[in-house]
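Shared between the two complexes below is chain A, which pairs with chain B and chain C, respectively.
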Partner chain A sequence: MNRIRLLIPAALAVTFALPAHADNHTVSQVKKSFSVPVVKAKVGDTIEFRNDDDFAHNVFSLSDAQSFDLGSYKKGEVRSVKLAKEGVIEVECAIHPDMKMKIEVKK
Partner chain B sequence: MRLAPLAVMAVISMSSVALATDEAAPVPAPRDTQNASVVRGGIVYRTYCVLCHGSEGKGDGRAAKMYTPKPANLTVSPFNDAYKEMIIRRGGTGVGRSAFMPPWGDELSDEQIHDLVSFLRELRKTGQSAG
Partner chain C sequence: MPARTSTRRFSLPLVLLFCLLIIGAAVANESDPWLRPLSAPAPADNQPTDARVALGEMLFFDPRLSRKANMSCASCHNPSLGWSDGLRTATGFDMQTLARATPTIINAAFNPIQMWDGRKGTLEEQALGPIEAGGEMNMPLPEMVTRLKTIHGYAPKFEQAYPGQGISEVTVARAIASYERTVLSTESPFDRWRKGDAKAVSDSAKRGFDLFTGKANCAICHMGYNFTDNGFHNIGVKDSAEDVGRFAQKPLKSMRGAFKTPTLRDIALTGPYMRNGAYVTLMEVVEHYDRGGDDKSNLDINMTPLNLSAVEKADLVAFMESLTGAPREVRVPVLPR
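Up next is the complex of A and B:
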């Protein structure tokens, strides 16, 4: 019984000490649009941008929360970005100015 | 009083000559003039290029801060029209230059690319005169 009493706090400590599980989110680009207007994610998650159009896209962000440029890539290709800190990331396509979406990143 | 009919005939005759002269010199339709091409090219530029190259073409658009090398300063570009068109169509990678310049050949029509090159030609003239 005493051993169990000792093990429970230890197990809880290990559980909460582990980093939160990082998730992958996939955002498709189709018909010159992002498949979703907003992705809610957390720090450490990865966003995969998959080009399902017949032409190139160039996903980038200039947001203070995180800026990146995935470069130009063609149909079927996937490029990803790992979320480094919390905040709102506004994502655009350099080739298609009307394409916009947001990533809301929490801790 | 007899002079009046003669004067009228002279005016009509001169007008006919003027009309004939106008018909002899083909006037391009407004949309085919070089000026129209530059105006249309400006619209293409402000839609697709301003992000990196900036509103004045100096390579200082809002995305420029992310890139090394910086986007080209188009007001001092040394390239001729044919090479500019090739860069626009193929992108930087397609001509052995910066990979940050996307290929626009699938996105822009031939007319848009032609108009854009017309606009860039004017932009360079303006940049040189301003400098």
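Up next is the complex of A and C:
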């Protein structure tokens, strides 16, 4: 009984610490542009970047909010990043620096 | 009188046909991604005027912008050598040999990012870079401004170009950028072919264009009217010492050894080729791509061996040579004293 008493608050803490539900957002890289200039998302969501061009793209961010490098990949391939904390993440393609977009992450 | 009436009847359809052809040609030019726009874009705060271009021309050719007053922008960006220097890599301050080739400034006005590693954005930002770089003109910018102020002939030129703004780092950069925006490629045989002159280029060049946009896969980077994606790629050029290239600006794995895709406009005038002048001829360049590059330690994933035949290689060279127009006339200015 004592163990159950201990577990209930722990389970509640975990439940409330997690977001209600995590969403997937898909961004296409097409015609040397990201398909949207801004994605509004929340912590725990996943952003999928799909290359729809006939040549390779890269996806990275060196933002303070979250930095990542998904590498370079060819047409049809999808790579994703999970959003770890709130803030504004500036995303670019390293190969084509005129390709830029933002992810606005809220709690 | 009857004869006059007859002329009118005959001329109207012809006039209409002529108008349609003109409109058709204009639409075709606008919609052809391989044809260069007639003019280069300029920032709102530095729209070109005759006075600005003339001042920029003087500054571009003036060696007094360098510490020892012996190098001008034109020393490396020499209009007689395709606005480059004809060397494998540049010669800088005190005749030292630099690590990278001098890029041509032809059509740099269309580039949204400047330098082999993209460390400068606009032409205005770029213009001051080599002046103050220790290995190049090695001139501290405050000293450059002071020196220009002692050359009395410059003050009225700056006043005419940038009224009330005086001689400053900003106005020097803006004037040089204004001049550089006039350094544009001229109409090439390739352009005339695209506009409908079937005889403007050889059959070999036409086949070369098909290879360029097809089997040889060149156009995935050398795309559009300026034949560049304004992007950065490691194409596996051999080096005696590693040059990390774009990685110094963007510390990402794919950027190690990556450099900006250069224009191919006026390519026959701008050799040696590659960012370290590795190749003297365009055939050597084609051979490089046919091998799929040499240094494969961090190769761009677009790079693969092409398995081109000897004829196909020659066709690609013929096509690239067709991108060179008649050199534009260049005036060497008399400098203020």
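In this section, the second predicted complex is superposed on the first by the 88 of 107 C-alpha atoms of A that agree within 3 Å, B and C clash if a C-alpha of one lies under 4 Å from a C-alpha of the other, contacts with A are read in each partner's own complex, and residues count from 1 in each chain.
Here is the rule we go by: contacts are C-beta pairs under 8 Å (C-beta built on N, C-alpha and C of every residue); 3 or more make two chains touch, one makes a residue touch a chain.
Note that the structure is a prediction, hence the values are computed from the model and not measured.
A.B. asks: Evaluate whether chain B and chain C can sit on chain A together after superposition, giving fit or clash.
C.D. replies: Result for chain B and chain C: clash.
A.B. asks: For A:Phe55, is the partner it touches chain B (first), chain C (second), both, or none of the two (neither)?
C.D. replies: both
A.B. asks: Counting only touches as set out at the top, which of chain B and chain C does A:Ala65 meet: first, second, both, neither?
C.D. replies: neither
A.B. asks: Is A:Val36 in contact with chain B, with chain C, with both, or with neither (first, second, both, neither)?
C.D. replies: Neither partner.
A.B. asks: Quick one: is A:Ile95 in contact with chain B, with chain C, with both, or with neither? Answer first, second, both or neither.
C.D. replies: Both: A:Ile95 reaches chain B and chain C.
A.B. asks: Which of 4-12, 58-66, 94-102 or 328-336 in chain C clashes with chain B after superposition?
C.D. replies: It is 94-102.
A.B. asks: Would you please give the residues of chain A that touch chain B in one complex and also touch chain C in the other complex?
C.D. replies: 55-56, 58, 60, 62, 69, 71-72, 94-97
A.B. asks: What part of chain B is in contact with chain A in the complex they form?
C.D. replies: Of all residues in chain B, those touching chain A are 47-48, 51-52, 62-63, 65-67, 91, 93, 99-100, 102-104, 106-107.
A.B. asks: Contact residues on chain A for chain B in the complex?
C.D. replies: 55-56, 58, 60, 62, 67-69, 71-72, 94-97
A.B. asks: Flag every residue of chain A that touches chain C in the complex, lowest number first.
C.D. replies: 32, 54-56, 58, 60, 62, 69, 71-74, 94-98
A.B. asks: Where on chain C is chain A touching in the complex?
C.D. replies: Those residues of chain C that touch chain A are 112-113, 118, 220-221, 229-233, 246, 250-255, 258, 300-302.
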